[in-house]
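Structures for review follow.
Shared chain: chain A. Partners: chain B in the first complex, chain C in the second.
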Partner chain A sequence: MNGNPRLVFSDIAVCNLKRKPFRAGGLIFLVALLSFVLFGGSLIAFSLFNGTDGLSKRLGADILIVPQGYDQKVEGILLRGEPSAFYMDAEWLGRIADVEGVRAVSPQLLIASLNADCCSMPIQLIGFDRETDFVVEPWIRTALPGALSDGEIVVGGAITGKVGDRLKFFEREYRIAAKMDNTGTGFDASVFMNMDAARRAADDFVAMGGSLTIPADAVSSLIVMVDKDYTADGVSRRMNEDFDYGNSGIVVVSAKKIVNNVSGNLRVLVTFVALLAALLWVLSVAVLAIVFSVMLNERKREFGILRALGITRKRLVKLVFLESGIVSLVGSVAGVFLAALLILPFRSYIHEAVRMPYMQPSIGQFILLVAASLLLSFAVGPLASLLSSRRIRRGDAYAVIREGEL
Partner chain B sequence: MILEARAISKEYRRGDTTFFAVDRASLSIAKGEFVCIVGRSGSGKSTLLSMLAGLLTPDAGAVLFDGRDCALLGDEAISRLRNTRLGYIMQGYSVLPNFTVLQNVILPHVLFKREDDPYEKALALLDRVGIRPLADQYPARLSGGELRRVSVARALLPSPDLLLADEPTGDLDAESAAAIMRLFAEIAAAGTAVLMVTHDTEATKGVDRVLTMRSGRLAED
Partner chain C sequence: MKNRIITGCGAILAGLLIALGPQYLFKLCGPAQDGHWMACHWTGRAEIGVGCLIAALGVGLILFPAVRTRLGLSVAILLAGILALLLPSILIGGCAMETMACRRVSFPAITVIGTLTIVGAALNAFLLFRRGEREGTRA
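Showing the complex of A and B:
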């Protein structure tokens, strides 16, 4: 049996769409494309904002001291989890601690693992000093109140394995003592161990044919916390003056500058995405308005007949809005759904592709984003109807019927 | 009088000049009366009918339906009137392509809220015009004569007080046309006023009155 004989008013719109599946499908596709870009773009932008936010919270240090030439590498470690290994003389520890305005200094030893069986790519091993550390410590203190023995590690959120599992680096097994939450930063792909364990790992690395021999008393970087009466910029400047900037063999890196660089890049990206979305929105309204105009013109006789059958002007307009509303709703939901399906499970690929801290929004933010995207893209259909339906909202019905005949 | 037209006119523009498609036409039809309008092509018959149906506003004069001046009714009231008390079969095809034959017939019923179920009545009407087997077909598959009969069934669904029919037998064979005429005569006998435009002089034989339209002027034969 064709069609439902027990019609209700809204079925008129549904029938009209169903019987023109190609036309309806095309319009739905257009709206879906819009909501896909709106939602997908804002989801990625939001994740990037979250990541940057997480970075500035996680960084903890005000200043980083690294060997000259490695200031770019340290950004790679922090932002993207690109492993590096380098070192400098440990005597810098004392010299930095003596600089006016420095409240705390802690050494770190960085080793890049070879391909480990836990992970598809090399990861960053970070040796830290539990006595003086103020960056990693706060995050693991609750999870790990006791000491971190030489055979134990703390892993970032992106490392496969749970507490109690064993991971192998340079042929030596380590037990996962704690696992950190995901932050969207390079820390997620890092493994933390105590200083002694890290030195032993560096030796293991050499024993396996590694190319970088780290002397026994060397450190890779120093993290610095500034006294609250001093600014990080001021202390950095003093360090550069004290240690003959450019010839000392070290670089003073401002942590704030790293974050600022990231948020600067982010702002450009977000502006670009926002512009693109706005353009697409206007374009969608315009295209739909034109398509609807053409359609209404072609359907004049149909509308004239409905008028002759006694549909009021108001309900005819309602019918037109109902049709565009259905198109808009189906398209919006499909677009948002598809974007979520494509973006949510592939966050690590996106993280790699954008090379910036990336952290997906919380449930609350997510719902807000969905609602905003749906609303914006849903508005397109009725708005286009409003722009194109002027002709049927006034004038004699008979004129419309006559025009429709020709 | 169910319908009364008092000197209604419609002026159209053609190039630089204007002319009256309908020129001070007056008529009145009582309940149960069967009236035909004949006239040459272009004489203004369809224009007159659309004004009587309230789809076109006359430039002058007044249309009274059941004693009420249509010009004074708002869109809601005139639409309801068209929907519930008037059957209008327009010239040419007026079947909606996206609905089945049965859905087309039921369509007027869903435009205003009603309690009763039109289903049985619609099927009975399709039976009466002889196309019940086509109830579930879409119009694209129907012949011209079958489409015409769908419009007839649809116009009769609300049991209208007045039926306006613009060449309803245009593309029907003699036998089908005669059947439609019999149907109209029957509903007229049951109390519906019928005003029909036709070119078929044979068809006008049994009706109560025949009016002739000439260049917009309406005259009783």
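Showing the complex of A and C:
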């Protein structure tokens, strides 16, 4: 005894756990598994929500017009940044602008780089018209209030490099004029340049033996903003009617539909994760309650002697809660740590695997997630030992020593 | 003896994974189309050295029974683990895009193994320090 009852109690609790290392290890593993699933699942779900939010904010357009057969490719570019290149006649720009309900329309030119000096894989280069653009422009206006010259580019958040650095595409150097924030969408892995620079890059691409012929004055896609008095679905229908859907050579893609598809997939995934976490939580409480109950039976004599030595029932209950608390704390911290260690660095891999917009939470959101996961998984131990503590409260020291009962 | 083998084998495994993983398991990016190697290739080469060092220190953990020596070896593993993390993040780096193989798989794998190495080495050093204190051989 060192005169510090709290210290003695925690020492007893630690010694009890050490005495049965495999049992303590098993319980810690169970709580760690729970907190791993709880935190890991929430972190991934949160990142997907952030990504979907980023997509709907960043998309900006109501309708996208692309050459027929490329509607899936445009999803790949938007959601995952899969480099792609397709072209259609620029005269569609005027025809689409004339459709009733169209408020604004702007062209984009897509080029998949052969390679860059930074990377051994193609990068999506996107040419946009700063005069008419309403998708990229709002995001770079604050970072780049001035003009974007032919030798300058704006890079997505997933491309390493800072403003002023140079990147080479098709043997031509470009200066990074601005860098966008991460959005969790395909834009993060894209490079934006003005339309003239993009046309020059397209020529460079062809000159360097690019596998695709790029028609002069071609555009890859048109982004359309619908007038507030019209609906995107209504305008899409009108376009399909006006341009003989199926034979026009273009396809009208609803941006809302892309976001809705992603949200639908996300809901299924989140429901699955939530169910799994809830099931595991109940299972953990049940298993720990059973184990603590069995432990109590094994330790009847020990508790009886402690009672006979003058330790109150309240203190015995405290001891049981302390042991379960230590198990819960170590397990929760280990589970959250491992989940963070595995999920945070592998964000690009997870993004690619889920094939949906994915953006990890901010520091504030991350701390909240950690706190909530720790709290929920830590609660398992004390909750599980409630039953045992009730039995201790009812017990009698003399009866316990004599009959081995509480 | 049992603890020495467990900690030593753990360090050897971590060292081998750091050294050979980027070359064979979680591979780095290949050369660009013009044949030149990106920064990640050189990070991988440097990790071979750091990984071999960690593995060699792990062998030391098994061979040397003295608490103070093993404490020193554990601290060395911890520092080498930090170096393994710094190579891809600060000292050399990798490709410019997060979607490249090095940033998607190789570097995250090194981060996980390196962090576990650091945590394991720190824990081992702490336990050895306490044991040294108990045995009166203050390290």
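The rule is simple: the second predicted complex is superposed on the first by the 382 of 406 C-alpha atoms of A that agree within 3 Å, B and C clash if a C-alpha of one lies under 4 Å from a C-alpha of the other, contacts with A are read in each partner's own complex, and residues count from 1 in each chain.
Convention: a contact is a pair of C-beta atoms (placed from the backbone, for glycine too) under 8 Å apart; a residue touches a chain by one contact, two chains touch by 3 or more.
In this text, all values refer to a predicted model and were calculated from it rather than measured experimentally.
> When the two structures are laid over each other on chain A, which of chain B and chain C touches more residues of chain A?
Counting contacted residues of chain A, the larger count belongs to B.
> For A:16, select first, second, both or neither according to whether it touches chain B, chain C, the two together, or no partner.
In the superposed model, A:16 contacts chain B only, not chain C.
> Would you check which partner chain A:167 touches, where first means chain B only, second means chain C only, and both and neither mean what they say?
In the superposed model, A:167 contacts chain C only, not chain B.
> In the superposed arrangement, does A:158 touch chain B (first), chain C (second), both or neither?
So A:158 only meets chain C here.
> May I ask you to decide whether A:308 touches chain B, chain C, both, or neither, giving the answer as first, second, both or neither?
After superposition on chain A, A:308 lies in contact with chain B alone.
> I'd like to know which partner A:179 touches here: chain B for first, chain C for second, both or neither.
neither
> Once the structures are superposed on A, label A:199 by its partner contacts, choosing first (chain B), second (chain C), both or neither.
After superposition on chain A, A:199 lies in contact with neither partner.
> What part of chain A is shared between its chain B contacts and its chain C contacts?
No residue of chain A touches both chain B and chain C.
> Could you pull out which chain A residues touch chain B in their complex?
The touching residues are 1-9, 11-12, 15-16, 18-20, 302, 304-315, 396-399, 401, 405.
> Taking the touch rule as given, give the residues of chain C at its contact with chain A in the complex, in rising order.
Interface residues on the chain C side: 29-34, 36, 38, 93-100, 103-105, 107-108, 111-112, 115-116.
> Using the touch definition up top, name the residues of chain A that touch chain C in the complex.
Interface residues on chain A, with respect to chain C: 81, 114-121, 123, 158-161, 167, 188-189, 341-342, 345-349, 352.
> Can you list the residues on chain B that touch chain A in the complex?
Chain B residues touching chain A: 50, 53, 55-57, 75-76, 79-84, 86, 88, 90, 92, 94, 96-100, 102-103, 106-112, 117, 119, 122, 135-138, 154.
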